[in-house]
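Below, chain A partners chain B and then partners chain C, in two separate complexes.
After this line comes the complex of A and B, so read on.
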């Protein structure tokens, strides 16, 4: 009756033991806080504890009727759609280019991975400087048209700056995945297509892209879920949610409400809602996108 | 195994013995830069002055972070004995049940020694101080005298009307940034309302009960902020983000802007940056000519004693608080930072030192004078729940007015609506709790 997996371990408790440390970490740092957040979302919690009041669904009613919450939610979705699409599209273009036997494609493969080593907060600091209206790369624009680039005042400019930093930080990982996908395609397919008279562009759209759809899908799923939460470091270092709340994404709003405003209940409620949203989003992606992708080669 | 047990027991015993000799306790603060240096100097001085107690001063990087950590630490029973916290969190701490009023644990101290302006902000309705004022500051008006004179302005402007006229002259003389501000809540709302005698919220800014409502959208503040936006469009006023330096005080210190409203706590930085280049003036914050001057509020931060500590730790913390109140300590702190001493004996000591006119005490006399102006029921302070969050709301809404998305009236109407929601939720969170 022994299955092939069990045959790997002499003792049946050994695999359990090996998994326990990691499982413990996940439970302590993931499931316990999540449970706590869901629990608090039904209470009015005092910051220093002592005297929390059960309020049922009142926190949810308050959050869901708060226009600020919906505004932040809308911004989060816009950021997610634009930011993630670009964060996959740009590396895809780079990967296709690096996959072709162009001059410098070898060093490019190397260099494009480097940003992976830079922490989100550092990226924020660097990009805040790059996009500084007086000293940054867009400052000449301000000399010709004064005030045209002002991320400290203009909400749209600040949002563009945020997306640019996010896309840049997403390049290395997605680039590696997509390039690996491209490299795994057998060269014979290119050759066959070329023989049939397909040009370089044709081969990209009809041969390469359809065949690396699993990788594109993977990067999209990861990007969509990542962009909801990982934008925090960028917002915190670049804009603090401003100006006028224009870059106040849901994750940042939760942080500010909870930690600066001591609204633990409101922050917990928003966390619960955000979590449900991300789970539904990923589920939807698998249901609608994932089914159309052919993993067989 | 035996050796290990023995070693552990010895270590535990020695730790116990150590505690009997010297009581270690922690003090958390939030300041950085030159203020942090001054705080650490005081901690070292305390430890050097006696061997009975040892304070460990832990910098948390900002008031907010310090508070976040204190909340988490208190919930898990690891809170420091002493924590410094800023003005806006006063009510949150008063109702937290996590702190003991300083006046209760130090009943013999002459608390009347504190100037009324400092007491009013931190005392209960029956006049007990909840926290010991520490780095007290107030709002002052700074000018770059050298640049003003270059533009032909010989008299330092005193009122907003004169500031506008001076700004126009500066602009005519080719100055790109006559007046700089960051539109911060403390500067443009709280200090402005207090000295013009305007309420921010009903119930005398919340002093008379938790059922207060914001009224800031009905006072002269609306007109003032509308003026500032208009003056910015005319090129007379700039926001910190409009400047090359990026921050308003940096822009003033670098000589990029000629006038600013700023905390007395930033005086040391300005004086240092100006050395050999410009001359700085500090004065009371400007008034509109039609209004009578009232006091400005005490800003900065005060020190709270947190619950849940042994008698020995509390005794050590008391000794540290006593140490910080000493006139020479306060004077050194003022000289190093520009924060204002808020006890009457220190003012006397500065007078007696013969250095009252020295640059290092430049903010002391003027700051005290500003806080000692006639008080109204609405200029005692701000006692509103979740007020830290309201400051964020105010900034968010007014920023939309600065960039032209909405008028200042709409911005303040929105701030009122959102602020009232915060107050109602605070009231609900602290159901049945009476304002001390």
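After this line comes the complex of A and C, so read on.
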């Protein structure tokens, strides 16, 4: 056996030189903004460079006592829970179906990846039209039962529309990951289970699903972050946070507060809170959910 | 293995059919609407059969809107993002895997952390940084007291300013500041046989020679996967190009498409035109997916491992 260092180059400065470009970009456009969000949350920042005053926790007190912040936070969590569960569940069902060698499996594998090429904002524009209460697909429904579908007035309808678009864009990644997980299972597992008398349905629940739990867990973790952030494009193109703030998710509220309201300190404070929330959530998922999943094959 | 699973296969087939309908339905309706005239759409609403106005709608997109210029921006952003990400990620992963870098795992963890907090979350302060990317240097000079020293000697403190907003560089750089590529290449390098380096060294190849003659050819599939993935990511960005470009001529096509719909209440937007725009804007990435499917799927799977 050779020592591991023999398999390496003993150059000292070259690796530093090689990492520097990317590291520099990441420092400037990732770590500095993150630092600045926390820094600003303790200062009253005036737009257009008017100087800043240290205010301690006053920004947090202001944001946390704002009912709109809690409303947006609550809606973000609801969107996250419903949106990501569906965005994992639907591709999971599709992946289990596509894993069977059917005539439709091959075309489905191709088509289900297409949404990856359609921007969130584009599908937002498209869904806003398809679900338009006057010209859209549900407009006949409105002729029979006036007002039953009104995403411009009814917050729940708008929310449903948002979720439908979110799941649509989330299918490719989750489908590919879950299908790859299913296909990596050895055929012998199926055969052994079949020998023991497990039917095809039973094997889905007793063999396939438990064994691809690592992939399900991973897609769920990524999907949680994704649903908090990618919602912006959908909200901005479909509902603009309306009607009556019913789809005003935190990521959209931060944008509006910061860029339209020029409340930089408030926006930075909310950004800081949202970032802590996302990091804690990811950590918690790994700590609690991750441990229960059996990674052994 | 022969067994009777007819009920399951029937359900699975139905599921796949519904899934494809869910994906293709909206795309099909986009296409049919793009072929209608505005007046037709006002009278009939959404229809399932195509009309004959597709080319006139597309011509209007090209002559009446800024979508063509914005498509060029999208192309510049997506291609540069993909190329720069590929090159920089490749180099940094190479440095972290094939050299005994002190704090290497810490550096890698710091690079990987970028995946947790996407650009959309930190857009407010990223915007501020982009409005003067030299501001960290100013802050450093202030904190270290160098600036007061300079102010004493030269009469004024140093205040460097360089805004990258409304430039292609500003649109691209924050997208590149991401760890997925490094992660992807690192995973790939780690499964390569360790004896590769030993053999190369025995033959007298240095690190640069090894990089170009051995590692680069081996990494071609990973490059393709990362390129497709990053290109699509760059093309479909929305929030960052929206805030980082202040003039319509610097906006990307996706932003331009979202701006086609008027903000007025009570006016039925010109949906056929907008849908024609959606077709035009999405055609490049969709063709790319259809042709380079293999690499996309590979990239998605690799980025997960």
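For the reader, a short list of remarks on this structure follows.
Criterion: the second predicted complex is superposed on the first by the 289 of 297 C-alpha atoms of A that agree within 3 Å, B and C clash if a C-alpha of one lies under 4 Å from a C-alpha of the other, contacts with A are read in each partner's own complex, and residues count from 1 in each chain.
Here is the rule we go by: a contact is a pair of C-beta atoms (placed from the backbone, for glycine too) under 8 Å apart; a residue touches a chain by one contact, two chains touch by 3 or more.
Note that the structure is predicted; figures quoted are calculated from it, not measured.
By the document's definition of touching, neither partner reaches A:92: not chain B, not chain C. Residue contacts after overlaying the shared chain place A:273 against neither chain B nor chain C.
Judged by the number of chain A residues each one touches, C leads among chain B and chain C. In the superposition on chain A, A:130 makes contact with chain C only, while chain B stays out of contact range.
When both complexes are overlaid on chain A, the residue A:63 reaches neither chain B nor chain C. Judged by the touch definition given at the top, the superposed model places A:244 against chain B, while chain C stays out of reach. Of the two partner chains placed by the overlay, only chain C lies in contact with A:18; chain B stays clear of it. Of the two partner chains placed around the shared chain by superposition, chain B is the only one that A:262 touches, whereas chain C remains out of contact.
By the document's definition of touching, neither partner reaches A:178: not chain B, not chain C. Of the residues of chain A, those at positions 132, 134-135, 259 touch chain B in one of the two structures and chain C in the other.
Those residues of chain C whose C-beta lies close enough to touch chain A in the complex are 1, 3, 5, 7-9, 11-13, 15-17, 19-20, 22-24, 26-27, 29-30, 33, 41-42, 45-46, 88-89, 91-92, 94-96, 98-101, 107, 110-111, 113-114, 116-130, 133, 135-136, 173-174, 176-179, 182, 194-195, 197-198, 201, 206-207, 210, 232, 235-239, 242-243, 254-255, 257-258, 260-261, 268-269, 271, 274-275, 278, 281-282, 285-286, 288-290, 293, 296-297, 300-301, 304. The part of chain A that touches chain B in the complex is made up of residues 44-51, 53, 62, 66, 68, 132, 134-135, 150, 152-155, 241-245, 248, 256-257, 259-263, 265-266.
Interface of chain B with chain A (complex): residues 64, 68, 71, 74-75, 92, 96-98, 239-242, 244, 246, 386, 388-389, 392, 395-397, 399-400, 402-403, 405, 418, 421-422, 425, 428-431, 433. The touching residues of chain A, counted against chain C in their complex, run 2, 4-11, 14-19, 21-23, 25-34, 36-37, 40, 90, 93-94, 96-98, 100, 102-105, 107-108, 110-130, 132, 134-137, 139, 168, 171-173, 176-177, 180, 190-191, 194, 199-201, 204, 215, 218, 225-226, 228-230, 232-233, 236-237, 251, 254-255, 258-259, 264, 267-268, 271, 274-275, 278-279, 282.
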